[in-house]
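The same chain A turns up in both complexes below, where it pairs with chain B and then with chain C.
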Partner chain A sequence: MKRITAMATRTAGAALLAVGVAACSGGGGAATSATDGAGQPAQTTAAGFQEQHKGGTLRLLAKSGDGTLDPHINYSNGNWQIFQALYDGLVSFRKVGGKASYDIVPDLAEEMPQVSADGKTYTFKLRKDVKFATGEAVTVDDVVASFQRIFRVSGPTSGTFYSGIVGAADCVKKPAGCTLDKGVVADAAANTITINLVAADSEFLQKLALPHAVVLPKGTPDKDQGTTPIPGTGPYKVESYNPNKQMKLVRNPNFTEWSRDAQPQGYPDEIDYNYGLTPEGAVTAVQNGQADWIFDPLPADRLTEIGTTYAEQAHVNPLAAFWYIPVNVNLAPFDKPEAREALQWAFDKNALVKMFGGANVAQPACTILPPAFPGHADFCDFPQQDLAKAKELVQQSGTSGQEVSVVVSDDDVSKQIGEYVRSTLEQIGYRAKLKVISTNIHFTYIQNTKNKVQLSVSQWYADYPAASNFINVLLSCASFREGSDASINISGFCDKDVDAKIAEAMKLDQSDTAASGKLWGELDRELMKKGPIVPLFNPKQIDFVSKNVGNYQFHAQFHALLDQMWVK
Partner chain B sequence: MTSPVRATAEEPVTDTPAAGRAARPSAGPWRRALGRLRRNRSAMIAGAGLLLIVLACVLAPVYANAIAHTDPFTSNASGTVVVNGARVPVLAQSTEGLGLGVTPVGPTWDPGNYFLGADNQGRDVMARLLYGGRNSLLIGLSSAVVCCALATVLGVLAGYFGGWIDAVLSRFFDVIWAFPVYLLAICLSVVLLTSGLHLGPIHIDAGSLALPVVIIALIYVPYVARPLRGQVMALRNKEFLHAAVGLGASDLRIMRREVLPNVLPTVVVFLPLMTALNMLTESALSFLSVGVQSPDASWGTIINDGLALLYTRPAITIAAGLCVGLTAVALNVLGDGVRDALDPNARLRGGA
Partner chain C sequence: MIGYILRRFGAALLVLFAISVLVFLIFFATPGVDPAARIAGKNADPATLAQVRASFGFDKPLPVQYALMMKHLFISHDLTSFVNRGTLVIPQIIEAVPVTLSLVVGAAVIWMVLGVGMGTLAGAMRGTLVDPLVMLLGVFGVSLPVYWLGEVVNLITQKQLHDSVFSWVPPLGYVPMSEGIGQWALHLLFPWLTLALLYAGIYARLLRGELINALNEDYVRTARAKGLSERRILVKHALRCSLIPIVSLFGLDFGALVGGAALLTEVVFGLPGVGKLTYQALQNLDLPVIMGTVLYAAFFVVLANAVVDVLYARLDPRVRRA
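For the complex of A and B:
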């Protein structure tokens, strides 16, 4: 069983979040709760540093490196997780396990910013005495240069997450000369940074807490630094990086803990991230105590063994994500509402959960918004499989006997789910075919309307905890672009009434989160009836650690807090 | 004038000097070859084994419908099955410890009830194995036939005409053979599996079984065509061919009546060997998901399905692997027997 990392999803999200520019939702209170292996609540607040556990080498394993080391460019799960111990932005997600990990806390900023009444101006006061790994102090000039650099290197989210900054539109068009002189303004004397937005954006702080907005030294070249480490402000620095072999992190000698919430000091003296072992081999290495943690999804046939013999070393945590079937509402046969409703009844989601690893690794999804996510409403209008009803609806729609292709990527789980979907479609009266294509191209292929994809299997992982990050991104008219590889509204669903309600909910997000949450829940229910998406299940993350590891904490946004694990 | 197998007939036609004068007709070269094959014990055992496998695969629908009562192409992830008197889920959720993972029911060794267990979709592995064998054998055999036919035509043309025709065809063989076989097959499959093959009047759908047949046949054409070309070039200087030319026979007639019968034994020797080789190639491509496409199955796709269950249910991979291995061995031993029977001195390059 191979679970897909969010890399592909995120890349697309970046390309398309044009929609996200509009932004929404109140930050903090959110999502998933972490549990430890024994099902008990994990530590949710940062306890004080325990000196006796300091030291040792943490040994991490992954099949391969996760691309460039440049935090303004890399958009992959693996390196985002590592960047938490290397870099800081003005604000960050609280570095603890559990629900509190969605809280935004001041990081390089002394305190949370002052926001103007119209929500367009954010003023941050920079901390003094924070140093880069080079020994140089972090100044307001570094902050301004870093915001410029996001655009100068054409960062993957520059045109979306950060396009609301005044002057960003010009920077996206002409990255080389980007100054953002009216958008990001430094006052060296007061040690403040003022960021001006074109329009209010209640998700702006969450976007600033992502690795793409970290602060780097002002002299950093305006191009992808690839395997060359860029000095950061975190408790560790990269000593060497070879994406085919190893990444070695050692302590940053110039780091002094300034905020335990935002950037706590780490436990191990050294973190060795070795690449090359298959997940099978990696599991054996962790079992034998030769490694401490595995990045890749665990092989399906080892799960039972891990869940029994090594239960104390396994940690299962829900993710703010779902696997779903985007239903193309513009192509036959699913341009007919009855045919789409038939799909909602057709699948046994418990069977799909089994293919993912069982009821403790995923849970069947009834809604678009994952459980415990902002705006999630607890309803289930299509509670169980009803093949007879689905077949009847297909006949009512007059589409029985039509040919339907399901396009899936070539990883094990997707292929299995695709095969199940194909088999079920045959049972409800279609002539179904499965089309398996390379994972490298699958995500863009299914988005482009030119490829005439009727059904596919895809996943969506939240970029940050906001209902709009699912509903607005996946199903608004603005995210549907015909003929484009970056059309994340894969269903091609565009409904003016729904769009108006999305806009209303996003506006409400800024003033009344309770009311907006209710509206998002209603929207979710309405969208389930209209059927542009068939949610399948919400996956969980399984982390398998060695016996040596203590203090495992699961961060809802960046997953296991690696530098907070102790091995001594 | 026609003298089949003349160029290679090294065994004396008769055993006694008197036989030359006798009116008793000698056995034809094909009949004699068949006789020799029959006396080859290992080839006969291999042939019988192969026949058994083919028969079992041909009867796959009978097994699925009448014995196992199962549809091997429909998922049964939520189904249940009676094992040792107890009803258990086909895909069992682990209940111990953290309850991670799902394990399909293992081999029951009861032919009517998941004999070899279930796969990830809860489908009967035994029934799928038989259906998969049909496709593996079909693709192996038909691609070998297509490959040998194409190679014979091209090899005879190149060898007979020589000159620029030979130069062009030989370079074509060289170019194709310059690619590593599997790499070329994977490249072609990846491209054609997305769009299908549309070449003039030929249209093959992306998911069609004909696609791996065509791809595998094409990539092995030089392997067969080059030795045939060499053989035809040697024939060019034989007296019977000069005689045919002298009598004014057309090129087409000479190729058909004089050349072809002489290279045919080589082609026949190639056929079982190529079937084995092509079946292995098909399995490899299917294992890599660029061969047979769902809902069809082949032994390669079943090995692939079983890979994700290697630790918990190794029977799936082992059974399919054994089928591929045994069939390939049987075909190779039979192929060797055919070669020995038709031309004891011939030494073909490699084998499967």
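For the complex of A and C:
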């Protein structure tokens, strides 16, 4: 998932949020959730549909629209969340709150696919009687056309998530006329789809559960449909969309619930997503009952009030994400291992958590993989700040006195963190400078090796629950592309041994998740020692809803399940 | 005169061209701005990136890209946003114009009435306590930044006193006139007042100065010698002459505001006008929309300037020959 750009503005004042907000409160409906030891919401008990709450209009707010409506192309948090109520893939993440939301369940497929022994062939049996919003039934041809379309529109993840399908490599290079004729094969008589992979991929089902792989009607044009809604299979359809004003969802008349786990029917009759208010204005609107929910991060100066007066309307949940310092291992002084280790000792992560808004909106990070995330191992080799040790390591590395600059984006929290990092670097013996650049260009700027960024402060939000989505994406040789604005391995870290271990762990993921989890944990530990990344803290999501919203459920992957909120 | 007008408009076109080139070059000179990388998405495969680059024409030389963009904007009118793809730029601007016009025209009426009233009052009552008091009020208006004042107005009307005194204030946002003039005006009332306060202060101070100068002129003395009433002298003679610089300043301010300079007011009050469109486009580096709104704004500023110049030339022949 796209990182949240304006991860805005939480300051220490928000510590008061502690007062009232329960760690994760259910909305007053049947499905309540609590927090387990690991800080993850515990599994929610599946509840049946409660007819008495059906109806009404749910009013959502965001600063602005979130780009194209085309689910094969859009790669943003805001629209991915909305797509949950609009589209389905062959499989999907279970649509409940809590940890169970990481489970993959059959969606347009009748049951989980049959996977061949070598893990390269997946056979799905398609459900009958599922219809698009147009009234036409979903057929195997639609599925094949949808897979072709991922490549024909050069989808953002076509070359990464779906490149393992047989024939995909050619399709990425030549999108027009992509057929995948050996990769995705339909059998209309048996109503099955067979997908052939070049090599086994333990994360394939998770990738299929993302909006980029949803099934659209065949005949959908092979170009970005922009603001024109594409008919889907979910309980709602888009009636109108103007990214400067409003997205309006109404019930899809051709929807009947086929699986409560995969695609439950929604409560409100209509969902109005209005764009244009500032987050300050939006908070006031929710307080006044003029709106029901806000997409954007809440402004810092309102958190205290929300945590006290409006505590019952706030929901706090941990995110599969971290704030971190990518350390450029190819530029002095951090090309020296001792200098990188010094960084691991240098920072007081509790102080950083305070800058972000306190213990209720973040927790200090010791590892690359967030707590309760697959592969996370509970170790902490750099448990607290040790400035003396850091200083000594800097001297050992012979880089003391060198000039170092930290590039941060211009939102309040990043600036504050940047200033703290700068002053700490001074304390351990560097001549440090802070460079603040616009949030709009920061994320791409720090990726490009041409800009010679030594240190920066960035964030990463998981696309799906797999250790590789942190370690392989952020630290493998393949994601380091010199001179490009799209080089997500910001540290420029490329280690053949580590790459081999990543490959091994990913392979093991297919057969033995316990063993692979252990391997990921070890890799995490090894990478912490090598120091291409300094994890700072794991943020939490705060959702503020109006008084009349019930049945709030937090999905670990796609956040609040909007169509499951009731307003009656 | 015709020659002068033609020259003036030729220069205006040149300015517009220069501005568009400048916007284009600044955009591409900014590091970390590669539109292909943004469109292709996070962690895009290099082959996907290359495809996106080619399909959007980002692999072509900059002058060609510039020409293509101008062609889409002015000839085929189908320039689309990079961020909200599929959204045409020109209809977005056309849709935003009535919002901005509603805001600016309403505010302009208020500030002209307030500004002229306060300026005349202060000028006419010079030497009494009224003058410094009115001027203090003017300074007060000038020194309150719109974005701060707007937030405070929101805080009071939407939050602190929303349940009591201001329960009649509708939620933030814009309601078109087609849904009833009453609702339209009610939604715009506080934005109007907020925007007008700044300009009223400026205009009052300016008018006061002009008026005091005018009241010392020979023709005012002559008028007094003729036995005209003070009221008549003030309104028919002194005020009339003092209004000339006010009117030309008004032309420029109005042009700039319609062009999008009411950005802060629009953002704070959630009004989807041209200023807000510009602000959003700048926020997510959406070059086509930035280009569209900047050219639109520049057009109004340049047009207002040109009209003012031509009017001056009409009034004063010396300008024509300069």
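FYI, the second predicted complex is superposed on the first by the 524 of 568 C-alpha atoms of A that agree within 3 Å, B and C clash if a C-alpha of one lies under 4 Å from a C-alpha of the other, contacts with A are read in each partner's own complex, and residues count from 1 in each chain.
Keep in mind that, in the parts below, a residue touches a chain if its C-beta (ideal position, glycine included) is under 8 Å from a C-beta of that chain, and two chains touch if they have at least 3 such contacts.
The structure displayed is predicted, hence computed values, not measured ones.
A.B. asks: Determine, for the superposed arrangement built on chain A, whether chain B and chain C clash or fit.
C.D. replies: Aligned through their shared chain, the two binders fit side by side on chain A.
A.B. asks: Touch check for A:113: first (chain B), second (chain C), both, or neither?
C.D. replies: In the superposed model, A:113 contacts neither chain B nor chain C.
A.B. asks: A:350 contacts which: chain B (first), chain C (second), both, neither?
C.D. replies: Once the two structures are laid over each other on A, A:350 reaches chain B alone.
A.B. asks: Looking at the overlay, what does A:163 touch: chain B (first), chain C (second), both, or neither?
C.D. replies: The second partner, chain C, only.
A.B. asks: Would you sort A:473 into first (chain B), second (chain C), both or neither based on which partner it touches?
C.D. replies: second
A.B. asks: Looking at the overlay, what does A:311 touch: chain B (first), chain C (second), both, or neither?
C.D. replies: It touches chain B, and chain C stays clear.
A.B. asks: Pick one for A:433: touches chain B only (first), chain C only (second), both, or neither.
C.D. replies: Touch partner of A:433: chain B, not chain C.
A.B. asks: Please indicate which partner A:374 is in contact with in the superposed arrangement: first for chain B, second for chain C, both, or neither.
C.D. replies: A:374 contacts neither chain B nor chain C.
A.B. asks: With both complexes overlaid on chain A, does A:424 touch chain B (first), chain C (second), both or neither?
C.D. replies: first
A.B. asks: Between chain B and chain C, which one contacts more residues of chain A in the superposed model?
C.D. replies: On the superposition, C touches more of the residues of chain A.
A.B. asks: After superposing the two complexes on chain A, what is the shortest C-alpha distance between chain B and chain C, in Å?
C.D. replies: Superposition on chain A places chain B and chain C at a least C-alpha distance of 6 Å.
A.B. asks: Which positions of chain A sit in both the chain B and the chain C interface?
C.D. replies: Comparing the two interfaces on chain A, one with chain B and one with chain C, the shared residues are 437.
A.B. asks: Would you pull the chain C residues touching chain A in the complex into a rising list?
C.D. replies: So the residues of chain C in touch with chain A come to 30-34, 36-38, 40-49, 51-52, 55, 80-81, 83-87, 92, 95-96, 151, 154-155, 158-159, 162, 171-173, 267-272, 276-277, 280, 282-285.
A.B. asks: In the complex of these two chains, what residues of chain A are touching chain C?
C.D. replies: Checking each residue of chain A against chain C gives 2-3, 64-65, 67-70, 73, 75, 154-160, 163, 172-173, 175, 224-228, 242-245, 274, 276-278, 280-281, 284-285, 287-288, 290-291, 437, 440-448, 450-451, 473, 479, 481, 484-486, 488.
A.B. asks: Considering the complex alone, what residue numbers of chain A touch chain B?
C.D. replies: Contacts found on chain A: 1, 37, 299-309, 311, 314, 316, 348, 350-352, 354-355, 357-361, 410, 412, 415-416, 418-420, 422-424, 426-427, 433-438, 542.
A.B. asks: How about chain B: which of its residues touch chain A in the complex?
C.D. replies: 73-75, 77-78, 91, 93-94, 96-103, 120-121, 190, 194, 206-207, 289, 293-295, 308-313
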